[in-house]
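First chain A sits with chain B, and in the next complex the same chain sits with chain C.
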Partner chain A sequence: MIIMASALPTFTKIGKVIRLNRHGCTNRPFYHIVVQKTKDNQDGPVIEQVGSFDAMPNNKNEKLVALNFERIQYWLSQGAKLSDPVAQLLGLSGFLPNHPRTIIQAWKNRREPPRERKIEAIKGIAPPLDNPKL
Partner chain B sequence: MATRAVMFTIGKFRCFPILKNRVAKFTSSSNLLNTSTFDPGYTRDPSEVFFKENVQALLDRLTGRDYEKVFQNRKLGQRLEPPKYELLTQAEVDQVMVEMEVKLKKKLQMPPLLKEREPVTKILSKDAELQGFDNCKYVFIDISQGINDRKREVVVRDPNGVLRDASWEERQKMCQIYFPLPGRQISMPKMFEETHLQDCLDQGQYQFVLDRACAQFEPDDPDYIRVTRKTYNCIDENNKFSTLRSTRHFGPMVLHLVLCKRMDNLLFHFITSKEVKAAADLVRLFHLVWSDSSPSELDEFQLIENYIQGPAVKKPALELAWQTFLEIEKQRLEALSQQNKASN
Partner chain C sequence: MFGSSGSRVLNVINISYIQSRSKRVWVRKPLGSPMAKSKIFRITPKPVLPEDEKAEIKRLFDNYKNSMKSIRHYFFEQSLKQAESGEVAQMKHRLEDQEHERLMEENRLENEKTAMLREERLKIQAEKTQQNVLASLIKKEGEAKLHEIQIEDFLTKQMSTPFIQAENIEKAIEDALANPVNFNFALDLNGYVYRGKDTSIDTIPEEKRERLNSN
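Moving on, here comes the complex of A and B:
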């Protein structure tokens, strides 16, 4: 049987992925949800931006997520993969089913609340700093 | 504006010297109208009435067409340009007038009177397994192109795992963040809070308040309805109807007053400024709104008299004004006929 080369599906080893690109500045993350080739760096060439995710809650205690569902659907149809955080966000938004990671994280948070770091004063040298991250 | 030719003259009657003492009587009788209190609002859905063609036509006629006022250079923070003067033939002037008419219609498009919107209660999904995944809520907006803002999907995932449609306030905030409209702020400006709003209205800034409310809110927003009703009532109490004449807000104000049954101040204003056509239109509008039928009298004077005798609330002041107007009319006609005789 003669098989023509054009009839075979062509695979590229470098796939496209929808993932979070960190922008913003130090201690203030802001993510762009982008479609990129897997091998490209986070700050490298981007095929298309399909949304944004603000990881810092605003004064109403909301985290804002913008998603271009039309374009995400298109890229998924073209075989793009999703990174875990993006898949979690899509699950939270109702576009996809709930991601197992979200469910596990929720369960862990309910089991024990996230540990608070207590910084003790060093006697005679320095009082505790206000910044809880240090 | 291409030319500055005088377009229309609103039929202003020339004041004869004999009539000056009559003008003083008008101003003293206006005190009769500011004493009583009316009920604050109405429960009827105004959109049933607002969108009818005959109502729209009447409101359009009542608004008036003062081209000078509509196309006035307003200080709204935009760059002002000096007027251009051009020399045109009559045909070109007519062409320009047609274009101006289209622009005028756009500027005088009335913001609709709607009833307050129902709060959003739709729940899309209840996922108890997601409780506690985060201690803040996630607000998702669909930023696909080409969707009307009112139909855009905005959903909220609460920390208790419930996925629901966003409330109207959340929805408007999100749409303004990602698809900003000019003149609109993300949160409500302080100007629309009660005390500050009262200050603005006391200064007489009615058109500014209404224009800004139009830019800031949707017409069925409870805040928009509160602000506009307060402004309309303030104008009615202070008899400042001429500030809104030939603006897009005059029509909705008139309809609001008719629905509240407090149009008598406005009728008084029309009679004292001798605008019989406008007064008759107002009475016709009253009949359309309250009895859903146009009255049978074709004569405008008869129409207004029947209203004053019948459904009017502030009868004494209106009767006085009407009688004074009829006397002036009679004297004017006599003077005119004497003039005609003298010239013949």
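Moving on, here comes the complex of A and C:
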């Protein structure tokens, strides 16, 4: 009986990755920071959600990021890799050292102003929100 | 264009088994297809960085990778420590100890039981061996006595047989010469014996014939 190499099951270890999963709607991205297997799709099965990142700045010109540091530490101890954007966010939050890309982007911004975007960043401070809990 | 290529799916890299109808699945450009006309003579500008900038970038990345490696190692060590000392581990240890104690107790009881049985068995065996030994000793004694008796009989028999001593030798010789023994004999088919070397059958009458008795 001839068995093809592709017919045999492979038992290679598939690593885990902490990366951004794009949710939200058209022209309004919202990312979940998520632990997944490397081979899975972005919209595929997720092992655990470990935070979120809103790329669109809010009324106060803030891009909100939520991070579950305890769980991230656990997954890093179990050997999960980080994608670049997630590494940058963690560096900016202070959990990890600053990613080189942030530093490079910073000096590039200083050298020449960033290119024009279609959506303008909101400048100035918005009026305070009604909800006292936020 | 590449995603909705009819029923045949060519060169699909990532298929999600959970069907998502909202997104268009990315399919790569078919391998045999030619380069697009807008891209044939395209020469992409290679980004040139000055040397010091490259060196600075390399330095930053090397430092970052180094620190990331050590951080990961540290997290791993922490997780091991946590596994040893954390609540779950403590509970596990406690349960294990309880289980161990229970099993040891069980083992002890079992050992005691078997010890009791063993004691009885050994007692019975000891009795038996004692009896056996006694019996064999008695037997040996009896045999020894028998043996002695046999020896005595044998000796008396031997002593009673007429051995020729130094005093009797002349008398014995004279007796032997006076009474010669003739060992010659012949047998008949009817079972009669004719002794002597030179006896002939006709000389002996029928009544005086000896019958051979095998004893």
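FYI, the second predicted complex is superposed on the first by the 103 of 134 C-alpha atoms of A that agree within 3 Å, B and C clash if a C-alpha of one lies under 4 Å from a C-alpha of the other, contacts with A are read in each partner's own complex, and residues count from 1 in each chain.
The definition used in the following text is that a contact is a pair of C-beta atoms (placed from the backbone, for glycine too) under 8 Å apart; a residue touches a chain by one contact, two chains touch by 3 or more.
Remember, predicted model here, so these are calculated numbers, not experimental data.
A.B. asks: So in the superposed three-chain picture, is A:I103 touching just chain B, just chain C, both, or none of them (first/second/both/neither)?
C.D. replies: In the superposed model, A:I103 contacts both chain B and chain C.
A.B. asks: Where does A:S77 make contact in the superposed view: on chain B (first), on chain C (second), on both, or on neither?
C.D. replies: In the superposed model, A:S77 contacts chain C only, not chain B.
A.B. asks: Mind telling me which of the two, chain B or chain C, contacts the most residues of chain A?
C.D. replies: For chain A, the partner with the higher number of touched residues is B.
A.B. asks: Give one of first, second, both or neither to describe whether A:G51 is in contact with chain B, with chain C, with both, or with none.
C.D. replies: A:G51 sits against chain B, while chain C stays out of touch.
A.B. asks: Output check: A:L64 vs chain B and chain C. Expected answer is one of first, second, both, neither. What do you get?
C.D. replies: After superposing on A, A:L64 lies in contact with chain B but is clear of chain C.
A.B. asks: Show which residues of chain A both chain B and chain C reach, each in its own complex.
C.D. replies: 98, 103
A.B. asks: Contact residues on chain A for chain B in the complex?
C.D. replies: 51, 57, 61-71, 89, 92-94, 98, 102-103, 105-107, 109-110
A.B. asks: Quick one: in the complex, what on chain C touches chain A?
C.D. replies: Interface residues on the chain C side: 14, 16-18, 20, 23, 57, 60-61, 63-64, 67-68, 71-72, 75-76, 78-79.
A.B. asks: Any idea which chain B residues touch chain A in the complex?
C.D. replies: Touching chain A: residues 124-125, 127, 129-145, 153, 155-157, 161, 163, 170, 174, 177-178 of chain B.
A.B. asks: Considering the complex alone, what residue numbers of chain A touch chain C?
C.D. replies: Against chain C, the touching part of chain A is residues 41, 43-45, 73-74, 76-79, 96-100, 103-104.
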